[in-house]
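You will see two complexes here that share subunit A, one where it goes with subunit B and one where it goes with subunit C.
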Partner chain A sequence: MDVFRQTLLLPSLIRAVERDIGQLGMDMFEIDIKVETLRSVFSILTPIVGEIKLKADEEGWKIKAVDPAHVALVDLTLSREAFDRYDVEPMELGLNVERLLEHLKGGRADEIVMMKLDTDNRLVVSMSNLTLKLPLVDASGFSDPKVPNLQLPVGLKLNSGELQKALKVSASISDYITFDCSEDRIIMTSSEDLSSMTLELAKGEQYETVAFEKPAKSSFSLDYFSQLMKGIGANRDIVLNIGNSYPMKIEFDFSEDQGHARYLLAPRIEST
Partner chain B sequence: MAFPYCSKCKGTRDLCGLGRCPLLERIRERFRSMQAIGDTVEGPSPPSVFVGSYGHPRVTIGPLTTPADIPLPERLESGTFLFTRSIEDVYSIRTSMVRGKYRLDVRTSRDARTLGSEPLFEVEGKMAVRGRKILDSVQEIALSARSLDTEMKVTGYGEKGIEPPSFDSISMPMGPSVNVTRVKVIDDPKVPGPIERITSDTDVNATEASVELFKSGIPVEHLVRLFSVGLLGQGKRRRLVPTRWTITAIDDILSRELKEEVTGFDGLDRYLLFSSQRFGNHFLVALYPPPFRFEMLEQWQNDSLWGQSPVTTDHEGPRGRKDYADGITGAYYAARLSVLNYLKLIRRNAGFTVIRWITGDYWAPLGVWVIRETVRNALGSEPLVFERMGQMMEKVNELSGMKNWKAHARYLTDRRLTTLDEFSS
Partner chain C sequence: MDMGVKLGDLVVKRRIGDGELSGKVIGMDAYNILYQFVSSIRTPEGFPLTDSGGNIVSHLKGLFSRTASLMSEGVSPIYIFDGRPHELKRGTLELRRARKEKAVMEWEKALEEGDLQTARTKASQTSRLTDEMIDDAKHLLGLMGVPCVQAPGEGEAQASYMASKGDVYGASSQDFDSILFGCPLLIRNLAVTGRRKLPGKREWIDVQPEIIDLKRTLSELGLTREQLIDLAILVGTDFNEGVKGIGPKRALSMIREFGTLERAAKEKRIPLLEWDKVREIFLDPCVTDEYSIEYGELKRDMVMGFLVDNREFGPSGVERTLDQIGARKKEVPQSSLDAFL
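Let's look at the complex of A and B:
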């Protein structure tokens, strides 16, 4: 029994040692990247969380995060081609993206940001003649969120502007929005008491069908949905997947298809 | 008779433009018994201090002391004790205390420990010394956990004689107020260890300081005293804070902290319904499975203090709220704190709805401690347990004195916000 326990412990021990060794050589995280790209990454994350655990490896960046109430999730990858320079050995970093995004506001879109770790294990961010040194967030407490494996019957391709339209009106009416998807129509409704909003999207006009197995209908909290829309932006091609009283999935590419993001949002359901 | 907007103002916003609230004035009449009391007031302070909000940033501060000989004066300030009395008793107990007043700039509390060496440029000459001495005494009273014998030197009673008792919907009622020129503390204050340590720490900010004291078991009333006389926070940022604002601030600070902790617990897996009533305040507290969210519904009924009001609601989703709950105001924060305290006790995460309706039995405002205590009392009783939301809603319908709650409830509905965890197996 003891032997068994030891073998179980071993991988985590090795990882711990690897991490310590990793911290000895501080020059293994050095990147150059456009302000614009970094800004898109962070602004996709901030609607969900303020602090994240960044996984960096040979392929690029991978970030998964779930909001504190476990209602919404973001899963984002950025390939190493998106970087102008990428000298990174596999590591995990805790970052306060809310704060970083704030700092990046000052930069021009095409400016290059340099990021690296200094010997005090601080993050050094330089933009032209401006240098910031920021403490890392302790990432050891961040658990990897479980990403549910969803089979959703309806997949649609559309421009995020269509959703934005519905969102603007419905926020003043109710606190949730319903997506009702049939073969050739999506009807978005939001109602409370005597007021209601209905927005109809037609197949071939406002959207293209990617997949259709059967009709689907789900409702979502507008509070959360509008947060996600902030991350998506007003004019972006997205793929939206809807199920029956099931989470929605929104996928899209950014930064010239070098980045890919996926949002999941838990539905609001009628309980019995 | 009440105006339709009385329930919104509750005597604090002067919406009718009549100056003094006529409804409160009517109640005040019943307690106008105190006669001139000589030029000193001697007696124990429970301990209790009050910082007014009128005239901010130049506010009046001073202790509350009772000239009457009352055994265990600590009880005068304790919500738990007052809760067991009738409204008439609460008033006669509380209005037996005389409130001393001295006007000071809110910034004068800055770094209390070095006041003696700092010139107070806000006030001049002799006044500086006088103000500093009064502030020192008031802070000493605020620090103490036991009652203190105090002596106040009274200068005048104002133009209209002694100011009559004062009360509002947030703070506890108080007796007549007088202007003072000297406050002397006769006993030595008994200062609990954590308070001694944290009030002399001028690096920790006021939020962290309050949370830490709360965790070490200091009662909310004591925290409010320390916070309002500017004994918490970073040295340079210490201020006098009107008591009325402090009560809500403390409720908010503590519940934010508790929420962090509670949302990390396992979710409640069934539906619990609690009820209680006190002083004509009726409460239903419904708890349901996560995610965390909170809503409060409130209605003043026909013969109540502020007349019939529409159903007022305030709510917050899992992400919390950033602005002030200006529909329900202080009661919202008090109720939220009590429920979170309970959730911490049972180590469960949950969403909850608090329904409050007020009948004519609540004929005079007592302060938000009534809400804090009644909700706590409800949660200490045996709950009704349900397996489904629908069952609980039926029961709420049966028990609720608020008839149209269904139209106003946002979370206590058969629509439910799910979490992703439910779909990840």
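Let's look at the complex of A and C:
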């Protein structure tokens, strides 16, 4: 009889012990953060990918991701000062940011979200009276994207609204946009068949020069470019770097400069 | 029907991202794809579709609509046709022929008994591609402006060669042989995307295109390509029978343990026949540099003439498909960030 009882008890006992061991061995990940900040992070990522590998360490969060066709890349950091609480041991987590962003839509901007891992290695997300438990994405297959080291001759500081304007018009005309940068103006053009768009930005008026080594000209797919603009938002100060038939680089700060993001976008190949 | 080497459980697969193939040239295994169409596009009794002159049109129907939809997504398919089969493939071809003859009898029997379910299944196993059917397919592709490549030997070998030269992004086939031929990227399910019936079952599955990366597969398995070929020879390929009782998993552990086929055979006392010839087929295949991947223009009127007037397709359907090709996204000559690393 006793033997019988023992064999019945044994599996649950083993499970309980395993759980305790698991908890001991499990890395710490508990954070509090404003809904608004988390939303900013995720909406910068989602134009490029739906799932990411998050690297969390003493300094904060680091995320690099590239789209499946390797045309656009995002490289983002969020310092630990952006968090209201940050109890994290260095680790990598696979997150479905598309889904998380969807869930965050309901929250108020200044509301605090709590995120942690539970004993089953699920992500627990709580805000006010709502609690979600979500499985982690298997990040083992995510390779770190290689980031090209770009030397771009032209650097401009401007408001993203200036680009948004060009984007709106050009999308109805063509599927690409060309940036033609000279010493004192930037000409954005887009044309197809008999239609064309030209938008001129003047130095000192619509933009400031950060660097100018030589004139530069590159074209980009509007599909991709408009996706990146979604991530940047309508009214943000950005630094745009252009080369000659080279990828563009857009850099900006977010969440009161506690976050920094960088996009790279590969050019279209010029048909000459 | 099972064709090619059984490596499905070993290779590293991933889903293809939306638009990932846009702007890419894809080498299609023409025979493989036409077979799929002629076996799946049939009447409820299992008969292939024909025009009133008795010409089979099932394969043209599949080829026309699938090629058009790929083109409208910005993909540039080119079709690679098999040349002369290697003499070592004769056994496989004989076996297939015998299976088909058996299937024909079973189909007829099922029809007599009024068992439509079985009739349809058996009928799909009787599919053949005649020279006339191939000529029709090539003719149609020509009118659509789609390049056809004639391989001197195996089409998959030619596709792999073109992929390794960078002329095509990847090879599309249901068979895994391409990776043995050294194809860096194999794309499966490209021509059959969507709902697909499981053979012999009343079940449907959602089929999504997937990419098999040779480099990643080899590094995951910890093998060289030569070793993967050795593994395949143990399991059996279209060119050799394989060793009875050795499946992919067992072959993998044997090659991992012993390194080469010769050593594995010696240790396990397996008699091997003509294995070095089979190796040579994969490592030094018969391929050609004489091909063009340039797209021609779409000859709308001539496509209408051929499909509607000669092969009795419905005119409105053909027009719709032609419009789809006409609306083809201008091939975006998009570069990848990898080019700037």
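Convention: the second predicted complex is superposed on the first by the 243 of 272 C-alpha atoms of A that agree within 3 Å, B and C clash if a C-alpha of one lies under 4 Å from a C-alpha of the other, contacts with A are read in each partner's own complex, and residues count from 1 in each chain.
Criterion: a residue touches a chain if its C-beta (ideal position, glycine included) is under 8 Å from a C-beta of that chain, and two chains touch if they have at least 3 such contacts.
On a predicted model such as this, the values are computed, not experimentally measured, just so you know.
Placing subunit B and subunit C on a common subunit A by superposition gives a clash between them. Look at A:A69: by the touch rule set out above, it reaches both subunit B and subunit C.
Residue contacts after overlaying the shared chain place A:D193 against subunit B, while subunit C stays out of touching range. In the superposed pair of complexes, A:R268 makes contact with subunit B and with subunit C alike. Between subunit B and subunit C, the overlap after aligning on chain A sits in one stretch of 25-33, 97-105, 115-123 or 331-339, namely 331-339. Contacts of subunit A with subunit B, set against its contacts with subunit C after fitting on chain A, overlap at residues 66-73, 146, 148, 150, 175-176, 221, 223, 246-247, 264, 266-271. Every residue of subunit C that touches subunit A in the complex is listed here, in rising order: 14, 16-20, 22, 329-330, 332-341. Listing the residues of subunit A that touch subunit B in their complex gives 66-73, 146-150, 175-176, 193, 219, 221, 223-224, 246-247, 264, 266-272.
In the complex of the two chains, the subunit B residues touching subunit A come out as 263, 290-292, 317-319, 388-390, 407, 410, 414-424. Per the touch definition, subunit A reaches subunit C in the complex via residues 66-73, 141, 146, 148, 150, 175-176, 221, 223, 246-247, 264, 266-271.
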